[in-house]
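Below are structures written as structure tokens.
Consider the two complexes below, in which subunit A is the common component and subunit B and subunit C are the respective partners.
Let's turn to the complex of A and B:
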């Protein structure tokens, strides 16, 4: 495909403007966290270079975070997110496999419920869920944060779609050879499903990393504060710690991209090697 | 080495009856071909024998033992699938050893058996490759190898060659035949390709609409088809059929042409019949049936003609290089023993006694 130089210039010009608009707030956020508290909002009124380039660079905001409760929140979020990924991928993959490989009574109705579960806003079930968690005596615990997030309709749906795309011959050949369904799942279906495992892990991880509403309802004690809750606590009735807010937001974003970068390798490789046909 | 018996087997999916009472006895070391048009139930029958689907009623026995309700793994059968079903994340070696590993066989034993099967099939050099790196014919061989290593009571083949191109199909057909002669195991082979069935099988079972139409040795079926369906299904190009009424020892067509009908006592005069003759049994001959040549197709060894006779198209296969041209008149002759007569209403064969 060839385009005239003018059309190319126009295209790249427009894309550059768009990119600037998208990146600008993030860049401002990153830089603001490196400014002294007093200077953060000062340059906004007089728009210019100073809006973006800080006059003084300081890590004070990060140092304060490090000394406070933020490391605990990072640890909590990491534990919660990773545990959810491990259990979530296992449980949802098994469920998706069952929907794809077996015929059983009420299968379509059940699958409809699975789909409905991710169409429904989470807020709709917060209250009954909270009542349940409290009845179990789980408030302010890791279970409260992890268990409700393990089963995920969207992830079940993704796995079902993948397992249904594996030729039935694979399952049947293994059955004739004497394999149990669990063996077929572990040795044949699961090893082929790397792309779905990578996608689902990311979805489950990010859902937990970004979750705010449920943690503040179910585990509001400081010991169980997760990263988004810790970020929000920079702003309260007594004070507005903007530096802390921006620094913690930056860290949350940076740490949140690590699993993506790790998974990306598998993601690309599995797309290449899964040539089923 | 074993036998297989099926008694009055039925299978229905909801309201739809796929198998309507199949009975079949397979002898030890026999090569059986199940053949029929798509949807006739041949693959379903194979899946029931393998245990992949459950029979609605009837009985399946392997080596005299009733296996009708047993899961696949307790039947000791091996199956080769149409799409080969080779696991893409395992090497050829691991694919072939899969069932043995599953059974908990010792590593040395697995190595040994895989090497043995690989030697038979000429796969030695490919053992460390992945299925994605193999050609169609090689994949087919690996799929067969996976069945061989198990040394099962029964080999089941579900259209194993239908994904190969024509040339390779002929080659693999010969290989499978050689394999059967070498292993002397009992094999059941499903195909829609009647040439495959004719060339491979000791006995052919022709199926249609969930029933067995006829079973027997390939040439017996070819020479004495039990009905018009079997007659039309076996043979390529297929048998020619012309409809007519029986009258004074001849089948009289709509336009009054008299086709010779041997054995005048086959039915009452006036009865509507199907007159059948195979393309290669129609030969040029003086004072015969007169037709007009419409198309001439030389293939090298043979010449195939499309002749218009009594208003019907007739395929004639000459074993010579005939010097005929489209538009010419031709006189054709069919020996009495090569003429087949069938009831027009139910297609059943009428014995001409010739």
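Let's turn to the complex of A and C:
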């Protein structure tokens, strides 16, 4: 697109406004996490610079986190999320490819089941799921947190949409040359799907990073506390530790954004390799 | 070599096994549970369609269904449109683009529950900085989630704040998979920027848009944590979506059968709506199947 200077300025303008709206609550949170406990909240009658800019900067809230069990929660969440990503991308990409590349008996019904798998309120299935996990002897283990989250209907659907956008002839041509379907998947289809691999990795990662209810149910032992459980501990019936809440939330957001920063370049790469039609 | 007839099933096996055990079997159990009730003695008994009959004669259920549909009728097209606009804004290369992209996606790392707590403080009537700002510029403090008129809109705003950047990513990946040569050809043919968007970009974005719309619809029909944390369905039932009714039936009134019946209805509504959404975004050449 031949960008005129005006169009470019308009883009910067719009993006700045939108980014400001999005970041505002988070910036307030980040700055509040640097305040001493006593002055976290400012009455609205005293609105001014002080609403956002702390008069005293302190890392006390973070120091308390560092000395507590927050580092363990970060470690647990990282292990759980990364393992889910590795297995989840592989398994769901294979299934998405099957739905896109083949015609087979029962395909529509199976696809409907895949879609329906993410349409039931989790509150409704948590009890049978917990009974099953307990029967497996998995309560308070990494398996309980990881294994049920690997197969993911939404991710299968995402891969199916991508692989279906590649013409069938493309696969058939390789078939004629004598390639096996596994070879076609690994060497032809999967390498084309980098942007989808990146986005689905992010989906699986964030699903685990943000999960709270299932970890509380299935792995409530302190050794397996994940990041959202550690955050929620700051809010309880006796006293709310807002400083701890803000600091831990802020860290969870910043750490949870790292995977996005790592995958940004895949978007560029797909642009360069756009020779495939 | 494996016979082609079995190949698709082998590709599907690991994922479908996982879905079957950890999703579909529990769903079947839950749907079965919607047909049960408690006897006066506290025993589980088969109740047939009783739970559904009670629901269908309960005005609270119908008003909750109406709110759920209204919420979704607004939020799903809104989020798709905002996410698409954002994706177009951050698609073409320009200096500093990564910075804007990163800022826009930051909220996706905030869990839904935490986003509700955060906005509960941010929009607070006495301590919230936003109301401080509104007072300062003379608009005056707003009640937001505490008023019947603004509660649903506030929840839609919070969900869109969190979701827009996330859905933007899927549409951005879609934009990148449109070959540059297609745009090139359209330009050489003299198509204007609007025509290129309308007749080249939009049709080629059908699949990513179908994904975003379907996935977003599922998530928004099951939207719950902010309702629970911020409004508890109120004020005066203004935000009492079906998910909240299901929660209340189970945890306040200990009527698991009724709760599971509401969940089953949600599942059924979602399947119907999603099939309609698929039809809506199907390419013309696929219409025969």
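In this text, the second predicted complex is superposed on the first by the 243 of 277 C-alpha atoms of A that agree within 3 Å, B and C clash if a C-alpha of one lies under 4 Å from a C-alpha of the other, contacts with A are read in each partner's own complex, and residues count from 1 in each chain.
One rule holds for everything that comes next: contacts are C-beta pairs under 8 Å (C-beta built on N, C-alpha and C of every residue); 3 or more make two chains touch, one makes a residue touch a chain.
Everything numeric in this text was worked out from a predicted model, so none of it was measured.
**Q** Aligned on subunit A, subunit B and subunit C: do they clash or fit?
**A** fit
**Q** Mind working out whether A:191 is in touch with subunit B, subunit C, both or neither, as first, second, both or neither?
**A** In the superposition, A:191 contacts subunit B only.
**Q** Is A:57 in contact with subunit B, with subunit C, with both, or with neither (first, second, both, neither)?
**A** Touch partners of A:57: none, neither subunit B nor subunit C.
**Q** Now for A:14: first (subunit B), second (subunit C), both, or neither, which partner does it touch?
**A** Second partner only.
**Q** Applying the touch criterion given at the start, work out whether A:245 contacts subunit B, subunit C, both or neither, answering first, second, both or neither.
**A** A:245 contacts subunit C only, not subunit B.
**Q** Name the contact category of A:92: first (subunit B only), second (subunit C only), both, or neither.
**A** Second partner only.
**Q** May I ask you to decide whether A:174 touches subunit B, subunit C, both, or neither, giving the answer as first, second, both or neither?
**A** The answer is first: A:174 touches subunit B but not subunit C.
**Q** Is subunit A touched at more residues by subunit B or by subunit C?
**A** C
**Q** Which value in Å is the smallest Cα separation between subunit B and subunit C when the structures are fitted on chain A?
**A** 8
**Q** Find the residues of subunit A that appear in the contact set with subunit B and again in the contact set with subunit C.
**A** Touching subunit B and subunit C on subunit A: residues 274-276.
**Q** Sort out for me which residues of subunit B touch subunit A in the complex.
**A** Touching subunit A from subunit B are residues 50-52, 71-73, 77-79, 81-85, 87-89, 98-99, 102-103, 132, 146, 150.
**Q** Can you list the residues on subunit A that touch subunit C in the complex?
**A** 1, 3, 8, 11-12, 14-16, 18-19, 21-23, 25-26, 28-29, 41-48, 51-52, 91-92, 94-95, 97-99, 101-102, 104, 107, 110, 112-126, 128-129, 132, 147-148, 150-151, 153-154, 156-158, 161-162, 164-165, 180-182, 185, 195-196, 198-199, 202, 206, 209-212, 228, 231-232, 235, 245, 249, 252-257, 260-261, 264, 267, 270-271, 274-277
**Q** Which part of subunit C faces subunit A closely enough to touch in the complex?
**A** Subunit C reaches subunit A through residues 1-2, 4-5, 7-9, 11-12, 14-19, 21-27, 29-30, 86, 89-90, 92, 94, 98, 100-114, 117-119, 121-122, 125-129, 131-133, 135-136, 141, 161, 164-166, 169-170, 172-173, 176-177, 179-181, 193, 207-208, 210-211, 214-215, 218, 221-222, 224, 243, 246-247, 250, 259-260, 263-264, 266-267, 270-271, 274.
**Q** For a test of understanding, state which residues of subunit A touch subunit B in their complex under the given definition.
**A** The contact residues of subunit A facing subunit B are 167, 169-170, 172-179, 183, 188, 191-192, 273-276.
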